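Chains: A, B and C, in written order; residue numbering restarts at 1 for each.
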Amino acid sequence: MIGRAPRWPTIVLGIFGFIWIIPIIGIVMTSIRPLAETSRGWWRIDSFTLTLSAWQRVWEAYPLAPAFVTTAILAALATVGTMLLTPAAAYAFHFLKFPFRRLLLIIIINAFVLPQQVVIIPLFQLWRELGLIDNFLAVLIPYIGLSFAWSIFLVKNFLEDFPTEVVEASRIDGAGPLQTFWYIVLPNSLSSVFATGILQFLWTWNALLLPLLYLRTNVPLPVILARVNGTYELNWDLQSVAAIVTTVVPLVVFLIFQRQFAAGAETRTGAKD
Amino acid sequence: MNMHKLTSKVRRRAVLAGASLAIVLAAMPVLAQDLSGELVILQWQGGTDAEMWQKLEADFTAKNPGVAVRELVVTGQGDMRGPMRTALLGGEKVDIIINTWPAFRAELVDAGILRPIDDLWASAGLDAVLDPSWKDLGSTAGVTYGVNYTYGDRSAIWYKKAHLEKAGVEPPKTWEEFLASLDKLKAAGFAAPIAMPAKYWAHGEWFETLLLRTGGVEAASKLAAHEIPWTDDIVKTTLKKYAELLKAGCCGTPEQMFAGDWDYSADQIFTADASNYLMIGMWMNSRARNDYKLNEGVDYSIFQFPALGLGHDDTSSVDAKEVAVTANGANPAAADAFAVYMVSKDAADILASYGYASPSKNADPSLLGPVQQVATAAVAQSKVQFVLGDLLPGDLVDEYRVQLQKFLQDPSDATIDAVTAAIEAKAQELY
Amino acid sequence: MQETVASRTVDARPGSPARSGGEQSNRLATRLRMGDWPAAWLLITPVLILFGIAVVFPLIDTIRLSFFDIKGLAKPKFIGVGNYVKLFTDPAFRNTLLTTLTFTISTTIISVGLGWMLAMVSAFAPRQTLPFRVMIFAAFGISEAVAGYMWIGILRPDAGGLLNAVIGLVQPGFAQPWLGDPRTALWVLIIAASWGGVGLPLMLCFASVQSIPKTLFEAAYIDGANHWQVMRNIMMPLSLPGVRVAVFINLLGALRAFDIIYILTGGGPVRSTETVGYFMYRESMTQFKLGYGAAATVVLLVAVLVVSIPAIIQRTAGAR
């Protein structure tokens, strides 16, 4: 972008990049070496034995495979839910006029200060009344409901840059507000919707607190990880495998979609062109 | 009705369960249907413990083919009472609750969740199986709720034999010998002979046994019930004894103590060979055997806390696990049968194969490993008191552990006054 | 509205229709909005329902619970403002407020600051730095709990900790108990918590910088500006919007932090690393003092609202 690239940025980023993956290397090393070798520091290489024993044992000892499926279902549904509902609401808040628009918007986008801990107990009691404990809805509803505070903020921020003329032209041509949304605004704000989706996917994939309390039969990976950790055994190797299994999907998703993400989460200067 | 089911259940196990049961059964002839239905167990344990429970459940259902056991598994971080409460408040109905906290039992009783088992105790002849002291441990306000199925010595100090040999130390019997051994171990190159895991709670272990040895079980239970204040001289003397350890340079700097949990401390002794003594519960045994691949009784062993010479050296701190039956469970008959099963010989054998001691008279102590045998012998000769940390209300435990951390930072008399006053202030709010 | 130099500059770029004749089109838009409300309600109703269940209801219920004394499984007892009185006399709680402030501000400054700087640096060589940006992003996808385990291996107090081992190369036998020393525990915790947060601002700001028209840079270089001046005078102001979003999302994370604190320090030593989020979780989930935990939550909410009022006013204006 700025003529021939100088060398020093690569060196600076290289140094940080390698420092940044040290913890990740640590957890990989712990998962593929016998405990005896890593218990005094995974980085010691006085003796190095490669073993996949932990990788084999953990599947037998813990229901990682079904948990993987559960996590995928939950994260996918929560992500789709947010990706469908957020742009619609953001569009309505930005381009349409209706009573209480401003008040509702203020309430929703300021709810981001709410820590997740707030919802645990009241929702727990509500789910109990409704018999929703151990039902996927018990986590999906708060996953999606809580996401609006930041997702609407993100998408609306993007729409601030959306050319008003285009919307107006569409309306003058006789399109109703819904058609305008569906044919004009939505297709042109997909990158921000994707950005929202990626963040939501990452966060719901890694969510621990809500499924820990609301789900029992089919639980997602972070809960299994807490279970592997919550024993009296020395099982850093198993924990590492469980951690890697838990982490790998969001990482891949993130890496695949990072371009959309960067483009969409952008605000005022927006990469809309 | 329940009784009939129960006796039938017991009858089929009478051969194993001993003479007293046989007599009960002779008096109550067979009127019985077999047990049936689903038995729901609230399970919060993981790893090997969970595996052992599956064996116990399988054995129980093999004996009672009509019963299907379902585990309601809860997961949590740290204190498992959190997820258990959540499940129970959430309206989950279970038949059996596995409990290891007397304070939690009291809470469950207050909430009307537990069913008293004094009648069961009499009809199943449990007096012949468990000593009265175990019955007391399973009681709240004079009513029995829990059948203790396993216990562990919490006044044992773990060591690696090679370390003591290297320093020319015999397992110390008295406090003076113990203090002297610290110097010898330091001279042998171990900078911090005691691994003190003060990150979360394990630094309280030393306090709790010292308290027993200073004031006896009576004082300790009074303190737990706040019948004597935390500013009492017994507490202060206990802390002064604790301070003797710290002043002898037992454990490195306070910062080092705060940095580790018991896992880390165990590593320091058994794999890093950097420390020598660890005071922790009997779960350490399976860690040493299975994870560190050490030879029980050969590579490592335990000795009971050294004699303090204050007149209460016949005391030990213990932990225990009990099964309690619920008042709202759907299958009380099977729950009762299961509670009785847990102190049978077969159950004790399964427990022993996992290295757990059973308080049942049906248990065969020779099945236990050498280290557990040392521990059970020591407990058998002691007046026992439950781990203090599990008797105190949750809030106070927290304050108590934090104040003990402050004490570790500076074990002076002034700190002892400040620390005891702070715990007392918290206790005043709570009782 | 939060009009910045940045956006004006960019909007002024050739071919961008965005703001031209903004005032006029706004009036037109207003007219067009008449009669929109059935469609609008159709679009936002699902959001309002889910938001109501997941946020509004728990919030109201939390306020209600905060007036009750609840101990474990026992029946709740109404005690008025008792929990609040207790909170403000609880030294442990007052302590958490300060710790929260330090923790939140520091993690945000470190992750956003570092991410921002690295974004600008990498903009000088976008292609060559891509793999390293990916490495740094990777940490963002890792959950707090997993990150906690990873950091334990680095911060162990003996020479088995990587950090001690590295320092040990220069100073043999070095063994600082990072997490056990009250002087260092909070700071290493902050660094560990910031580690995962750098990726997001890096990416957002990088995208901001990428979208700056090349002509601006060319002009600057022709005028004889060096890299530093380009960074200081063009990239920095023009990537501010990315920074804003990153700060917002980081604050969110810092207030919620629990797992990483629990795993690394357990709130200690001697409560020196207990944040309000941690305190709330401990009181309500492990101690099950739901009422007390609820009161702490309400206090946190009020505190955050007070602190963020300037931002809210700004954003309210932005809500048009």
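Quick note on the criterion: contacts are C-beta pairs under 8 Å (C-beta built on N, C-alpha and C of every residue); 3 or more make two chains touch, one makes a residue touch a chain.
Everything numeric here is computed off the predicted structure, so don't read it as measured data.
Taking the CA centroid of subunit A as reference, the farthest chain centroid is that of B. Looking at contacts between chains, the pair that accounts for the most C-beta pairs is A-C. Put simply, the C-alpha centre of subunit A and that of subunit B have 41 angstrom between them. Here the spacing of subunit A and subunit C, counted between their Cα centres, is 15 Å. For the pair subunit B and subunit C, the distance between C-alpha centroids works out to 42 Å.
Under the contact definition stated at the top, the residues of subunit B that touch 2 or more other chains are 77, 86, 89, 272. Residue positions of subunit C with contacts to 2 or more other chains are 156, 158, 160, 259, 285. Among the residues of subunit A, those in touch with two or more other chains are 39-40, 125, 226, 229.
Listing the residues of subunit A that touch subunit C in their complex gives 1-3, 5-10, 12-14, 16-18, 20-24, 26-27, 30, 39-44, 85-86, 88-89, 91-93, 95-99, 101-102, 104-123, 125-126, 141-142, 144-146, 148-150, 152-154, 157, 160-161, 163-165, 167-168, 171, 176-178, 181, 199, 202, 206, 208-209, 222, 225-226, 229, 236, 239-240, 243, 246-247, 250-251, 253-255, 258, 261-263, 265-271, 273.
Residues 71-74, 92, 156-158, 160, 175, 177-182, 185, 259, 262, 265-266, 268-271, 282, 285-289 of subunit C touch subunit B in their complex. Of all residues in subunit A, those touching subunit B in their complex are 35-36, 39-40, 124-125, 127-128, 133, 212-213, 216, 219, 223, 226-235.
Interface residues of subunit B, counted against subunit A in their complex, comprise 45-50, 72-77, 80, 83, 86-87, 89-92, 263, 267, 271-272, 283, 286-287, 290-293.
Of all the residues in subunit B, the ones that touch subunit C in their complex are 77-79, 81-82, 85-86, 88-89, 104, 107-108, 110-111, 113, 198-200, 253-261, 264, 268, 272, 274, 394-395, 398, 402, 405-406, 409.
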